[in-house]
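Letters are used for the chains, namely A, B, C, D, E and F, taken in the order the chains are written, and counting of residues starts over at 1 for each.
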Amino acid sequence: MKETILSNTDRAEVLAHALPYIQRFQGKTVVIKYGGNAMINEELKTAVIRDTILLSCVGIRVVLVHGGGPEIEGMLRALGKESHFVRGLRYTSEDVMEVVQMVLCGKVNKDITTLIQQAGGRALGLSGMDGGLFRARRFRPDGEDLGLVGEIEFVDADFLNTLLDSAVIPVISSVALGTGEDAGRSLNINADSAAARIACALKAEKLILMTDVQGILRDIKDPDSLIKVINRSEVGGLEKDGIVSRGMIPKVDCCTLALDGGVVRTHIIDGRVPHALLVELFTDEGIGTMIVKD
Amino acid sequence: MKETILSNTDRAEVLAHALPYIQRFQGKTVVIKYGGNAMINEELKTAVIRDTILLSCVGIRVVLVHGGGPEIEGMLRALGKESHFVRGLRYTSEDVMEVVQMVLCGKVNKDITTLIQQAGGRALGLSGMDGGLFRARRFRPDGEDLGLVGEIEFVDADFLNTLLDSAVIPVISSVALGTGEDAGRSLNINADSAAARIACALKAEKLILMTDVQGILRDIKDPDSLIKVINRSEVGGLEKDGIVSRGMIPKVDCCTLALDGGVVRTHIIDGRVPHALLVELFTDEGIGTMIVKD
Amino acid sequence: MKETILSNTDRAEVLAHALPYIQRFQGKTVVIKYGGNAMINEELKTAVIRDTILLSCVGIRVVLVHGGGPEIEGMLRALGKESHFVRGLRYTSEDVMEVVQMVLCGKVNKDITTLIQQAGGRALGLSGMDGGLFRARRFRPDGEDLGLVGEIEFVDADFLNTLLDSAVIPVISSVALGTGEDAGRSLNINADSAAARIACALKAEKLILMTDVQGILRDIKDPDSLIKVINRSEVGGLEKDGIVSRGMIPKVDCCTLALDGGVVRTHIIDGRVPHALLVELFTDEGIGTMIVKD
Amino acid sequence: MKETILSNTDRAEVLAHALPYIQRFQGKTVVIKYGGNAMINEELKTAVIRDTILLSCVGIRVVLVHGGGPEIEGMLRALGKESHFVRGLRYTSEDVMEVVQMVLCGKVNKDITTLIQQAGGRALGLSGMDGGLFRARRFRPDGEDLGLVGEIEFVDADFLNTLLDSAVIPVISSVALGTGEDAGRSLNINADSAAARIACALKAEKLILMTDVQGILRDIKDPDSLIKVINRSEVGGLEKDGIVSRGMIPKVDCCTLALDGGVVRTHIIDGRVPHALLVELFTDEGIGTMIVKD
Amino acid sequence: MKETILSNTDRAEVLAHALPYIQRFQGKTVVIKYGGNAMINEELKTAVIRDTILLSCVGIRVVLVHGGGPEIEGMLRALGKESHFVRGLRYTSEDVMEVVQMVLCGKVNKDITTLIQQAGGRALGLSGMDGGLFRARRFRPDGEDLGLVGEIEFVDADFLNTLLDSAVIPVISSVALGTGEDAGRSLNINADSAAARIACALKAEKLILMTDVQGILRDIKDPDSLIKVINRSEVGGLEKDGIVSRGMIPKVDCCTLALDGGVVRTHIIDGRVPHALLVELFTDEGIGTMIVKD
Amino acid sequence: MKETILSNTDRAEVLAHALPYIQRFQGKTVVIKYGGNAMINEELKTAVIRDTILLSCVGIRVVLVHGGGPEIEGMLRALGKESHFVRGLRYTSEDVMEVVQMVLCGKVNKDITTLIQQAGGRALGLSGMDGGLFRARRFRPDGEDLGLVGEIEFVDADFLNTLLDSAVIPVISSVALGTGEDAGRSLNINADSAAARIACALKAEKLILMTDVQGILRDIKDPDSLIKVINRSEVGGLEKDGIVSRGMIPKVDCCTLALDGGVVRTHIIDGRVPHALLVELFTDEGIGTMIVKD
């Protein structure tokens, strides 16, 4: 945008147009899975951090859940630890888990928290261990052993709500305390799925998954074929027809899980677009693909 | 502005630019004297109402003080009541006072309150009588008898702060309960001066007086000669030099009264500019003339 | 009463006798429709104001709803506005509505509020617009168009309860915000009916309608034929038998509406008797006619 | 009073006259030493209990401190315990102390508490031991050994204020925990003096000592010679001149102690007059002798 | 215990072992009937008081209910009052009741309260009259007239919970206000049964009855035959088989009443063992006989 | 300890002996620097965690500050990063800082938090970034450049107190946000010194530094020469005389800094002794060396 062409009155006009959107979402909870390019590219990163603070400033209850695949990858490599894969999924050995926890909670989480604090927001970095935020059991898709990979079975919504009531932004690493046989052990949780479970526990207005794609395309080669809205009941068909691509299926499944758990709207948005969060929340068209209840 | 030329990303960018201003004023109190053209022209009126709600939405504690000269004038005429003037100021007889109170509290105040409620804000219409909000004594400039004209000697800041704490927008008519000999009588208060006293009682960050002029011009015939900032200590000189025009002097005096009473910044802005409030608060340049402490 | 004949001990004795009544009503809500002679005669006015404060002082939650027919009438005349009548009811044109709102909210309401404040009570003048206190839809009895006359469909009980919790006396003008087609418009509400709706919303202990008659007389010409208590189920018969007079029917209907909405007792009392409110609440016999659930 | 001659309107009038007194004392603290005839005569007893509840009902913070000389005397006699006297004051041996505590805390205190509860008030019976309400040291006037007689050195005002905030009436036996050498022992406190100390700790508006005399008479034989008001500075002279009688001196000294400790007004009233408390608080003349700051 | 043989580390180890017990009972309510030898022997008394404070210190909500048979007996004798017995139960005449109330509320209760305060705890002595803590009706087992003996029909749990929330230890005399025909009269309540009713009202975790026996013995002559745990459903059989001794039956019945009213566990413990309370709560084996739900 | 020789009564006796210590420290704040052997040896670790929870259970406000030298060392080695040393202190390059933050916040902190949660406590892992807990500036002893080493200049005591008020145990990594030139950068803080600053900010009762030595020995070779108490004013002499060993000087300096900042007592204790914390707090002798105000 050639900013210079905008007069102050023009700018004021734009702000004034945001009012109904602000009114609509004030006091509502929005859970954002932050990841992909938007977490690597410095400019996008700054934009996400500032957008998050802005949402919080206008009274939206924002929760930020982050992954950290590339950083984990990098650290494993640096430490010369090998990963092996099971059906295309990384097996999380105890050795790997130690690195996952250390990188997510000690590096990525604290970096995001620092950025928010530095930009004038109030953030608290948390993992599932802190205050017993969440507890998980082993996750064994089709009985497959993936090592210390877990799925969340409990989220302490009261704890998060206390923070949100004081306008603190919880920044959450998707590492959980195990239960049962895994009591006392950390388990590695997929960040999209952690975000979905948190959104359910908080009865969130929106779950927003930031990705590196435009959304769901009817024809993967045609950027103009973006599907803007999908009903919950259409998801099965789209997956069967192969329109939801292989890599997109787990994200879509997180959305349906959230919808079934009481979340109002779910979004798969393009984190490569600057201020994608503001576009999603404060314009009529929004961005990416929205999956909603029927 | 040709709005269509702005993409959603452009709009998001503008919103993102507002963040530092929002952060600066969040939790601060802004007292606005609403009057003039902005209260008559329907489009400007809508803009002021929405701007006020927006400020409140982003956590600014907004108080709206209104006058109502033209409506009072109109009603006096309709009732065939004559006003006489003393040194150019309207003498407020008991008869006139009854009309003043009725029009301000019953018409103007309720109309503004209705507009805010209708646009999704939460407003409470108040006069000095309600909850004993303010008390006044007779105002006799240079001993001149102006009838039931008063000046405020007490504002119940706790009451206003309780409302502001729950994000309610107080809409205030400048009518007060008299004290001493005038106990039980209503007194007519100049709205600029009521706003200044309220700003002092609330230790406001800003007092904003909406007028129908650009601000203070060095040369009244040259619109490019706007003085953007005046220090408190310069005011005397400017008044003496005749640069502050006759009609402007009372407004400037309200500003210095507010500054001396602990208000941080005071502004004389042009209510004829759409969204003047947002321009003032959310851009670097602001609008109109600002008078500040040395 | 020749007061001088009462010794201080006699006076103390009378106060002591009031204890069981105070205990019975403490913490309970009493909604009073204030109107008629008691609002015009200066002595009666003073008595009502002081009684209201006394009730509030002993821990009763008092709400005052007022009309203002004569003042509206006077102002319409002074402004040379003509009213026309439909089936004996005044048609409220936009012109008339403007005067109704102005007189009720700006004159009558503020005068009462001033009197209470002046007598050491704490009152807050409100209309249906303030804080969105109530919303109404058009009232069209038997499909008849009465212009901007409405009936209340929502009362914000929480708002009133917050005020009552801090021992503030809400003084309420029966003007409401319209909804649907009338969104943004003020509607004129009958004050008795507004009081009844408020009493329902607050699950009041008592609804008291102040009138200029003794109550319901079995024989309208015989002041000794006052009916002290009527059961809800008897109302129909009394109306049919013509014992409830034409002018009294709407008041009695407000009482049955309140009883059906959860109010415990309803009263039609004689506002011309000094301290009628205290007589009603603090003596065994009470005053006027009481209509109660079966 | 021949009650029948009072119409309901007369009664309402009397109640209405009480308003300014209620307004004056609402939220203020009144500490009452209850004793003498008013604690023995059944009719007077009922009146005091009801008056106390009435004061509490209208928002006055009432504390009741009681003695119990006759009951103690009776129990000592029944148990065949002999008291010996030192300079006309009863020596409190350990044996006697046990009876004092038992009778005050177990009989008199619980009887009063029962009466208040039974009459619909909320009372809590307390001694100095309960919650550490007060602590005392030995009292040795002019070095004289009186055994386990103490004077209060600490009152837990916060504890009492918490009760008063919930409109509970504390009923207090003047028995205290000893300190220093007397740690763990109960000490017998003069009830007038306990009331004075409590009034100081609570910064009470009034200390009222109920006695069996009219007040301070200029001529003890002339009931018309009652002194209605004494200034603090006059007390010395009146005592020196013998106008304050021997038996009255300790009571007057409690009043001056209270005044010096911040209490606003102190009263020596005639408990034999029915509803003396109401007469004192709710009439202009009051009753008995008032000692006030200069 | 030869204490000198314990090193500080040994002591620390013992403390550390108490953690899981503390965690289990923190925030839970324990109602203790305090009586028998433990109330007479000075050493045991000191131990009970300190144990009670320790329980309160670690966050357990402790309520102490006491009897006072021997003190009442002694006072009746000292006053030369004769008791007569009905079916082995003392008949409580008005005369006797006066002594019961006086001794329990004025002597025993205040002595315990003093000891707790003196040892650094915070205790409040209460009877059923105070704050209307409990109300009772006549108790007539098999229609037998026992005079002013009552059974509790209402306990004000909110009042007790408010005290427990501030870590105050309520010390309760089992005297109650009568209702109905006995309104205004004090009734004498069996302390075990009062404790059981209080435990029900508070949904206590534990009811502990301190006695002067080991617990329930299978063979009353064989101290090694202690029954450690009894199920609710076994009680009937044990009573029928005469294993629950005559004197023990009322205590066991209090336990079953408590269990049926929602208490989790009930205990009959040996108050002659020093620190029996700590042994019960902080060791695996506990002490005495526990009766539990099936 | 041969535990079997302790009867349950013996155990209860030991618990009872702890009461006065619990009473002394309840509601007080204790800041513990956790490190050394006690963080490595599994048995000691378990003991520290349980002791910490026990302290929290009995109402002591516990803050745990941890270091993590060995883990950082190990990770640096594993990553093949070389450290260089300046005057014997490790230079913290940006590379090293990344590892420090990651290991402290992501590994050590979360491991401790997990252990506490697992043992039934409630812990929240924090770094200086979280909620802006603390801010630091560069630390340059004698102008020496140590890279990203900082010293704390601000601790948000309110934030910690809110957590402590809800009985949460804050577990704190000594990493801080930089200010000024280092704004947005993480700085490495010595954990002893972080603990001392936190203790000052909280006006702690005690600062306890866990070490791997007995305390300060008069003769370093003679374990019987432990100095149990040192006055603040003696510290200078002892350092000058070489009695405070080289390695001990920084720890002693943290103690004097804390004492000068308002902490009541400071302790250097031997973390190799099991339950050293309980020995310190719950026995008369305590453990290690205590440095106190004169």
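Everything below uses one rule, namely that a contact is a pair of C-beta atoms (placed from the backbone, for glycine too) under 8 Å apart; a residue touches a chain by one contact, two chains touch by 3 or more.
For clarity, every value in this text was computed on a predicted model and none was experimentally measured.
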Chain E and chain F share contacts with none
Labels of chains that are neighbours to chain A and to chain E: F
Write down the chain pair with more C-beta contact pairs when A-F is set against A-B. A-B
Which chain has its C-alpha centre farthest away from the C-alpha centre of chain D? A
Could you please state the distance in Å, as a whole number, between where the Cα atoms of chain C are centred and where those of chain F are centred? 69
Determine the centre-to-centre distance between chain B and chain D, using the mean Cα coordinates as centres, and give it in whole Å. 56
Just give me the whole-number Å value for how far the CA centre of chain D lies from that of chain E. 36
Find every residue in chain E that makes contact with two or more other chains and list them. none
Answer with line, ring, star, complete or other to describe the graph linking chains that touch. ring
Mind pulling up the chain F residues that touch chain E in the complex? 1, 3, 6-20, 22-23, 26, 47, 50-51, 53-54, 57-59, 120, 273-276, 278-279, 282-283, 285, 287
In their shared complex, at which residues does chain E touch chain D? 78-79, 98, 101-107, 109-110, 113-115, 117-118, 122-125, 127, 129-132, 168, 175, 177, 183-184, 186
